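A, B, C and D label the chains in the order they appear, each numbered from 1.
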Amino acid sequence: MLDKNGIAKRIAQEVQDGFYVNLGIGIPTLVANYVRDDIELEFQSENGILGMGPFPREEEVDADLINAGKQTITALPGASFFDSSMSFGMIRGQHVDLTILGAMEVAQNGNIANWKIPGKMVKGMGGAMDLVGSAKNIIVAMMHTNKAGDSKLLKTCSLPLTGVECVTKIVTNLAVLDIVDKKFRLLERAPGISVEDIQKATEGELIIEGDIPEMSI
Amino acid sequence: MLDKNGIAKRIAQEVQDGFYVNLGIGIPTLVANYVRDDIELEFQSENGILGMGPFPREEEVDADLINAGKQTITALPGASFFDSSMSFGMIRGQHVDLTILGAMEVAQNGNIANWKIPGKMVKGMGGAMDLVGSAKNIIVAMMHTNKAGDSKLLKTCSLPLTGVECVTKIVTNLAVLDIVDKKFRLLERAPGISVEDIQKATEGELIIEGDIPEMSI
Amino acid sequence: MINKTVNNVTEALEGVQDGMTFMLGGFGLSGIPENSIQELVKRNVQNVTCISNNAGVDDFGLGLLLKKKQIKKMISSYVGENAEFERQMLSGELDVELIPQGTLAERCRAAQNGIPAFYTPAGYGTEVAEGKEVRDFNGKPHIMEKAFEADFAFIKAWKGDEAGNLIFKGTARNFNPVMCGAAKITVVEVEELVKPGELDPNFVHIPGIFVQRIFKGEKFEKRIEQRTTK
Amino acid sequence: MINKTVNNVTEALEGVQDGMTFMLGGFGLSGIPENSIQELVKRNVQNVTCISNNAGVDDFGLGLLLKKKQIKKMISSYVGENAEFERQMLSGELDVELIPQGTLAERCRAAQNGIPAFYTPAGYGTEVAEGKEVRDFNGKPHIMEKAFEADFAFIKAWKGDEAGNLIFKGTARNFNPVMCGAAKITVVEVEELVKPGELDPNFVHIPGIFVQRIFKGEKFEKRIEQRTTK
């Protein structure tokens, strides 16, 4: 079973040379720590920076330089700042190559819910609906089950949707899956996790074809 | 009767303090020469400058600094450059206070034609359709009649339209008119021009109320 | 040059009234119009609608207006940082319209640029699309979104000149440029107010035509929400 | 940092084919991609559609392609400077779509930003509105306009860095920024190509994400159409 850093590590393998990548808040943010350093990539943060760098040293902290999680950051050489309209132009116009974000639920048709629990939690969708509405390549990073032990990979989402039929791939603490013919297809197992473990933790339909390799991270 | 500079001089009186003004090619360009210098104004040129200044001295000429008529210009202190999308945002968003442009024909309902003579002359509308489609305050600068002596102030335009029911005021070599209840209303006569002269040169319906003063320029 | 300067925040907010709709720049607490917000608190304008990506925190930014219950309705994309906000919303005291961040930005930009409506894929198939026209373009469903209408836009810029030309800094730019000229009156507070000619015309982010009033802010706290260091 | 540099104009135009649709920056002869245009002439690509505000003059800019009859269709707002253009158009050799300048700019910007369609008042009641949806917003009729689709965008910038970040100069900016990223492949020629970090990130006009290929132009003639002096 993977921890959050393990999930981030596995997702980092999906990042290809020349990719512009948008990282959501939470586990996705950790992905930046594990990308091979021999590939060229740039991180976009939708509040208005391309070429986002690591967190600043104490003396570098600048209130006018934050990421979408409101954390202080730095800008790398070749970075640029822009307004919110242009930022979402990059996203809507499919100039960003890869979007990695968290989810409360994913359905087997690729629907995703991650912004609202009616009557309980209403933080808002932020940029998530724009991202999932346009991105060609969306990887969800999440735990396979919630705190109550219920599956987050469902036949249909029960929570208000963020986007429809948009998720490309899911990396959880148990498995890597993609979506084919409106079903989850199991691609890899987490170390020490059996196909049965994954089957048990997945409420949605699961395609299991041939031997499912253990992921190498 | 006014010459081109006279028309420009009269129109210059319409420019108010605090106005952003877009000047079309031809007579409108001359207006800049006659605006009182105790009022604050800025000229916008739709190819991408606000705060346009006079023509440059020979040694100041810069190929990267032109106006909408492709003439070399200068930029005044407080000027700014921007792209074509923002430039027409200023126009479409009604941030420009006054638009002065030429016309081949104006109709008594405020229609204007100034971009095409089918089968003969097709230069294109440039920014004129955007300007007349959005501007609140459009003054047409033109000769009252064409070279053949036919009126350019018509019941209906015969040429392909640039915009509908948009012209606010017309300043010609003979008169100042505005548009009321889909008719031309005569406001002022050019020096030495009689109401009858204007009536004769105007094909469209003309409202003549009371004494029509001679313009003071 | 058309001079847009006013002497102070009091003059800048002349005409602000109960029941109006305001746009406020900023993302989180970065690039928010601190001085104008404080003046709104001081004037105690009531029943206002605020278009702002976020709602501040409990004791800063728009949180200050929320605490005094001056806000009738919030139009935002993310309000997770503000507990009082969540309380007022869940209890029904506060009317809230949550919309996608990119749509929020584009609806401001549409207002600024005289585009009454446009189509976006964001929110298709979700609550956000309810009651909106859906139309396919290139085989993909999009929803129609309209330009915002607002009475005042409150903007924070880094530098500005007397003609109203603006320059923003870093990611404090965010929604500020797209809200300029998107409301009937645009009020800008700057850290530094300079003479015309001191800003390079090639690097002006927002030309003065989009600005009605500009003043030098008295004080900028620039609070940081998540101070994160190596 | 993602490196976008190519060695020269030949590499930059790899993949250009007969029958394609091109966007070309520039207003008049100011800010046109001179080097790319010359390469298009050299390659003798045929039957192309060009989206460009103007059509050059008889012996410069897009006029060079017109003279060689490489252009099947022009999409422009104003073509008055080019006699050969008018001749080909009136004789029916050349297909021409004339559209309002602001609509031209906004249709590029829409393509860049993933907005498939928008509404504008420009052209309502004219030939331009024929066959287009008309709809009232705020009591005023508007017409629906769609984003352009193009294969290549040819752009001229003043300075650029290896990451594809661009800075334009003066009114040579015009249509160049809004065409970046509005076609499948954006090719940029710059007067000066610098290392990443040399451009101030706060004053980049177009971030490199909108650019696929960048090169230093061999020569820029920068011809002036109307040299006007005091």
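One rule holds for everything that comes next: contacts are C-beta pairs under 8 Å (C-beta built on N, C-alpha and C of every residue); 3 or more make two chains touch, one makes a residue touch a chain.
Predicted model, so just to flag it, every value in this text is computed and none were measured.
K.L.:
Which chains sit in contact with both members of the pair chain A and chain B?
P.N.:
C, D
K.L.:
Work out the mean Cα position per chain and let me know which chain is farthest from chain D.
P.N.:
Between chain D and the rest, the longest centre separation is with A.
K.L.:
Out of A-C and B-C, which chain pair has the most contact pairs?
P.N.:
So, comparing the two chain pairs, more contacts are at A-C.
K.L.:
Averaging over Cα atoms per chain, report the distance between chain A and chain C in Å.
P.N.:
Between these chains, centre-to-centre, one finds 28 Å.
K.L.:
Nearest whole angstrom, what separates the Cα centre of chain C from the Cα centre of chain D?
P.N.:
Once rounded, the distance between the two centres reads 32 Å.
K.L.:
Using Cα averages as centroids, what's the distance between chain A and chain D in whole Å?
P.N.:
Inter-chain centre distance comes to 36 Å.
K.L.:
Among the residues of chain B, which are close enough to touch at least two other chains?
P.N.:
49, 75, 81-82, 85, 88, 91-92, 134
K.L.:
Touching two or more other chains, which residues of chain D qualify?
P.N.:
Where chain D meets two or more other chains at a single residue, that happens at 106, 113-115, 120-121, 168-170, 202.
K.L.:
Looking at which chains touch which, would you call it a line, ring, star, complete or other?
P.N.:
Basically it's none of the tidy shapes, so other.
K.L.:
Any two chains that touch count here, so list every such pair.
P.N.:
Here the touching chain pairs work out to A-C, A-D, B-C, B-D, C-D.
K.L.:
Residue numbers of chain B touching chain C in their complex, please.
P.N.:
Chain B residues touching chain C: 18-20, 40-42, 44, 49-51, 75-82, 85-86, 88-96, 134.
K.L.:
Please output the residues of chain C touching chain B within their complex, sorted ascending.
P.N.:
Residues 1-3, 111-115, 161-163, 165, 181, 195-197, 201-202, 204, 207-210.
K.L.:
Residues of chain A touching chain C in their complex?
P.N.:
Listed in rising order, the residues are 45-49, 54-58, 61-67, 69-73, 75, 81-85, 87-88, 91-92, 111, 116, 119, 122-130, 133-134, 160-164.
K.L.:
Provide the residue numbers of chain D that touch chain B in the complex, in ascending order.
P.N.:
Going by the criterion above, the answer is residues 27-31, 53, 76-81, 86, 89-90, 96, 98-106, 108-109, 120-128, 158, 168-178, 205, 222-230.
K.L.:
Within the complex, which stretch of chain C touches chain D?
P.N.:
Contact set of chain C toward chain D: 106, 110, 113-121, 137-138, 142, 146, 167-170, 202-203.
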